[in-house]
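Below is one structure, written out as structure tokens; the observations come after it.
Order of writing sets the labels: A, B, C, D and E. Residues in every chain begin at 1.
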Amino acid sequence: MPVFVDIHNVTHVYARAEDGVPAVENLTIRINEGEFAAIVGPSGCGKSTLMKLATGLQFPREGTVIVDGKEVGAPVKLAGMAFQNPTMLPWRTTLDNILLPLEIVEPHRSRLRRHKAEYVAKAESLLEQVGLKGQGQKFPWQLSGGMQQRASLCRALIHEPKLLMLDEPFGALDSFTREELWCVMRDLHAAQKVTIILVTHDLREAAFLADRIFCMSARPGRIVAEREVTFPRPRDLEITYTPEFSELVHELRGRIAQARKAA
Amino acid sequence: QAQTPVRFSLDWRWEGPAAPFAVALDKGYFKAEGLDVTIDPAAGSREPISRVASGTYDVGFGDVNSLVRFRDENPGTDLKAVMVIYDRPPFAIIGRKSRGISKDASSLTGKKIGAPAADGAFAQWPIFKTVNKVDETGMKFENVGFPVREPMLAQGEVDAVFGFSMSSFINLKSRGVPADDIVVLLMSDYGVDLYGNTIIVSQKFAQEKPEAVKGLLRAIMKGVQDTVKDPSSAVDSVIKRNDVAKKDVELERLKMVLEQNMITPWVKENGFGGIDKARFAKALDQIGLTFTYKEKPSVESVFTEEFLPAADQRKVN
Amino acid sequence: MKTKNQLAIAPWIFTIGFFVLWELACRVFNISSFILPAPSTILFAVWEYRTQLTYHAFHTLWMTLAGFGLAVVFGLLLGMVLGSSRLINAGSYPLLVGFNSIPKVAVVPILVFWFGVGWVPPVLTAFLISFFPIVVNVATGIATVEPEMEDVLRALGASKKDIVFKVGVPRAMPYFFGSLKVAITLAYVGSVIGEQNASNVGIGNLLTRASAAFEVPLVWASLLVLAVLGVIMYAITAYAERSMTGWAQRSQMAA
Amino acid sequence: MKTKNQLAIAPWIFTIGFFVLWELACRVFNISSFILPAPSTILFAVWEYRTQLTYHAFHTLWMTLAGFGLAVVFGLLLGMVLGSSRLINAGSYPLLVGFNSIPKVAVVPILVFWFGVGWVPPVLTAFLISFFPIVVNVATGIATVEPEMEDVLRALGASKKDIVFKVGVPRAMPYFFGSLKVAITLAYVGSVIGEQNASNVGIGNLLTRASAAFEVPLVWASLLVLAVLGVIMYAITAYAERSMTGWAQRSQMAA
Amino acid sequence: MPVFVDIHNVTHVYARAEDGVPAVENLTIRINEGEFAAIVGPSGCGKSTLMKLATGLQFPREGTVIVDGKEVGAPVKLAGMAFQNPTMLPWRTTLDNILLPLEIVEPHRSRLRRHKAEYVAKAESLLEQVGLKGQGQKFPWQLSGGMQQRASLCRALIHEPKLLMLDEPFGALDSFTREELWCVMRDLHAAQKVTIILVTHDLREAAFLADRIFCMSARPGRIVAEREVTFPRPRDLEITYTPEFSELVHELRGRIAQARKAA
């Protein structure tokens, strides 16, 4: 499969970093088209920075970032993003929040007014998939934190992005809802063949969802380990209770512990 | 026939002394001259000068002494006085007997006097002081705002105030100061030989519409004559325009102005609206005591008689 | 529930209490009505001059609303510009602050030079005095959009304009409405100042004439009418704020 | 880095540009110096009257600072009371708003009555005009303490007073400093108004005398000095805000 | 062991609840002195409400709440609390934040000034325990979210409360730091015999730390299941990779799933 995101030997220092220490240094990572990649690493190691680099929200001081064959010189215009903080607009209903990307991305932008019904139907089917059927008319602040996060996932998906960036999107959820959403993501990835980069602190989440797991070192971040996940797809939640799964998680833990010690 | 629009700025609010203008409006004297006059009040007898100078107003009713000063400060703006309304200015020092002020100017020495910074009477103090040889050292001048001038005097916070005779006297009385405790030193009785308020027009208006100026003065003249004849009904025209004014107070004010400022012995003799050139020249000299001329004007450059009605139409008795 | 009722009647209790104390003070210390008239005297004057007060109050109201309307439109526009460009913001702040430090009383005569006595100077004074807080608040609201929200939109290819209109402006609405509460009282003060020296009608004009005529109770009656009108306009703006930007208040309660 | 420099010089560029445009407008349209003097005329007047302007400006400065100081102390105290009791807050708001809707120009004569001509009326006017925004902001800051923080303290047995002093007041500091920026310009306007009608010195007094004597360039020179002083005082307050409540600004940057 | 927190048949409706639906209904729960209790349940089920009831921050409409033998009629004055949101005061250094409870609780309040050094030493040893050695002089906003959360844990502990209320205190942490803090809590509980109530979404966390786990139903909240955890103490992190542990977690999952379906 062709490489979709190619970050090569990138060093990035934030303009406002007072100490001048780079957030990431000599970072190299290649993610294939249609791949589900998970990135784990200690807090502050540069995971969010990696995402910003890959979407063109930040430009590297050194090295190159190539997405979809083109070097990134401006925001990429095709990525969907979801953060731990759901960042819904409180003055729009949940449905209107989800439709927001369509008001910006072409060709939807120019089609939106005439084909409203079609898009609304699509948004509602997404809401149903994440277990929020019929909640579209509520305002975000009428939903619980977890519900908002699910809605923000819908917002990231509505325009069928080719690249999906998820930055700890399941952080505030209880384990049930979280596992349900794992399945939603799994099915979505299977159906659309979108490239997904997931940042997470939860090793089980990474192990269940990803094709490959990248471990980052503490700041300045670098990839220190990479692990293929070979469980066959489609995966069932039950596999998380198998000894092989426990073993994989245990192994990842060990690797990260090593990386931490080295740092 | 199309009416010429004229914007006219009063010197003050609609009070008794503005009666001639109100009468001219109400009786249609302006309209008869083909003029569509709007009259707006102002906050002092200097304001009409700057208003006319700015071009927003065509005609103003303001203090001629300030006009002289204004012309000297702004050599480019040529405003002219065309008709004298107050043959003697109402500038006065108003004091209280009980605070040791008497008709004798020297009684002012060492006293505390309320003197609003923007007051027209206070501006003439240098003349008064010089002519009457008052020793200024030891006197205190307090910048009191107009609204509190008379109340401060009534309360005894100051011994005297600068002001206009008709306003301050009546205001004091209305604050409960007995009339026989009030001493009014009308400056013109003390050698201050100035003129008072005049009708002022801009050069531009005078040149472009000389007929309109003449018509305006004719109409005002009629208003004055009517007012002199029947002050009481003239005041009614004022009351109509000021819904908080009280008739008896405004009538008293008007009568004071008519007697002290407008219909002076000189006016009775020579007719209303004109000047005595010698006296005017002397006034220009006296104004020189209050500030330094950049260039001392001639009588003719300040006042012109060319728009006045004929002398026989200007008789007021 | 009990608290709610208490909160509802508290304003009345306090206000009435204030006036009762004032009345008592006047009577006990036998204060001259020239210095400080008792509320009863003032209320009596309000009744006596009710027709004039109503007429002039309505005029002041229109002047205020017109100036306020201008300030809202202009304040929103300028606030949007300042909020979306840090450069313009930094550049024009000193000018705005400098202008704001000039007492508007000093500006009224200049307005009369330009526009004559009438409705223009009060409206413009109301406008000039009240647009500053609106500009500042709108600009702040727009400039403080959450960076994450901006990231989401920029990654979709949103232009600066998109971000300002889709996120900045709606987000600034609570700030905007907050500033309106300040602006309306200022506009009001502005139109009164304008009327005092540059109008033939209005409470401001009435005030000057009353104080020129030493009608002290009428002066205080005008001030009372001003205060009451001010409270009413403030309440209306506060109500508009609550109903237009309920999301801003409720989102906090839900958290 | 480049942006930072641009931001630093933008105020100068804009201000100078503004005055250049004004100068050009005056020359091109040949505007009479009495309607709108050109900046060069004004600057010339500033130079000519520099001794008087300095003397009076310092007086105004003291008046402003005294009134402002009073407003700060009183505003903080009242804000604390209003912020910690919803009942008192609800009760006194209409009174405060009503008082705030009265133009302070109308209040100066009353002050002169009570305190005579001198430094008291300008100081008090500055105080009266500027305390309101301080009260409102301090009260808001205290009233919006995070409920979770309150829970933590209450579960430890903290009294209402503890909560106000340990959390409410420090938390309100950014709001407080924000309001100071508004209050200082208002205080300034207040003392000028006070001086116009009740003082023998100060820029306000100079302004009245200059406009009475038709010295239009001096009037504008006074206004210019006022604006410049206003900007300086605003800048000082903004600087105090940044250095005293850095945590409020930086905590957002870190998020 | 005597009962320390006794919530009996409690129904609570928030004064501001628009719909008037109770947040908890007929809630009964008994926690013994020195016990480590974990509470799990879906979002919005009333877990935080339970904590507020137990600490006297809210009073029940019906039923009784008895803490330490006394009926609760005012805030209890002895509880330490830590939330997911760390609520540190940004104008105080981390150390001063941690010392805050001592400025309020007697007898420390009156002793604080004279015995400052002693208290500071104590705070610093706590900071060391949670892995924040030497960070006390920093301001909270100079710390990462996870570090702040650890500091807020120190704040909850500094006055040696008899009752410790933890509301998802490890939410925003990566799995390593989280597991380290598990061990800190474990040791602390072993050393001080404080009564701890922990609200969590993470079943593994509950299983590792608690003596008993309570499952709550969806709103209005009630206890629908209760499970003794019998792993011997002191427990080692390794037990979380044993089959028995996986089984316990799996079982808990099943119970909650059932409770959810029933609702």
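The rule is simple: contacts are C-beta pairs under 8 Å (C-beta built on N, C-alpha and C of every residue); 3 or more make two chains touch, one makes a residue touch a chain.
Quick caveat: nothing in here was measured; it's all calculated off a predicted structure.
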Partner chains that subunit B and subunit D have in common: C
Best-connected chain pair, where connection means C-beta pairs in contact: C-D
Centroid distance [mean C-alpha coordinates] between subunit E and subunit B, Å: 85
For subunit B paired with subunit C, centre-to-centre distance based on mean C-alpha positions, whole Å: 38
Centre distance in Å when subunit A and subunit E are each reduced to the mean of their C-alpha atoms: 31
In subunit C, residues with contacts to at least two other chains: 109, 113-114, 196, 211
Residues within subunit E bordering two or more other chains: none
Residue list for subunit B, restricted to those that touch at least two other chains: 50, 54, 146-147, 151
Complete list of chain pairs which touch one another: A-C, A-E, B-C, B-D, C-D, D-E
Subunit E residues within the subunit D interface of the complex: 52, 55-57, 75-81, 83, 85, 87, 89-92, 100-101, 103-106, 139-142, 155, 159, 165
In the complex, subunit D residues that touch subunit E: 146, 148-149, 151-158, 162, 166-167, 170-171, 173, 245, 247-248, 250-251, 254-255
Subunit A-facing residues of subunit E, complex: 40-44, 84, 144-146, 171-178, 201-203, 241, 243, 246, 250, 253, 256-257, 260
In the complex with subunit C, residue positions of subunit B that touch it: 7, 9, 13-15, 40-43, 47, 50-51, 54, 56-57, 146-147, 150-151, 154, 167, 171, 174-175, 242-246, 249
Contacting residues of subunit C [partner subunit D, same complex]: 3, 6-8, 10-11, 13-15, 18, 35-36, 86-88, 90-95, 97-106, 109-110, 113-114, 133, 144, 182, 185, 188-189, 192-193, 196, 204, 207, 211, 219, 223, 226-231, 233-234
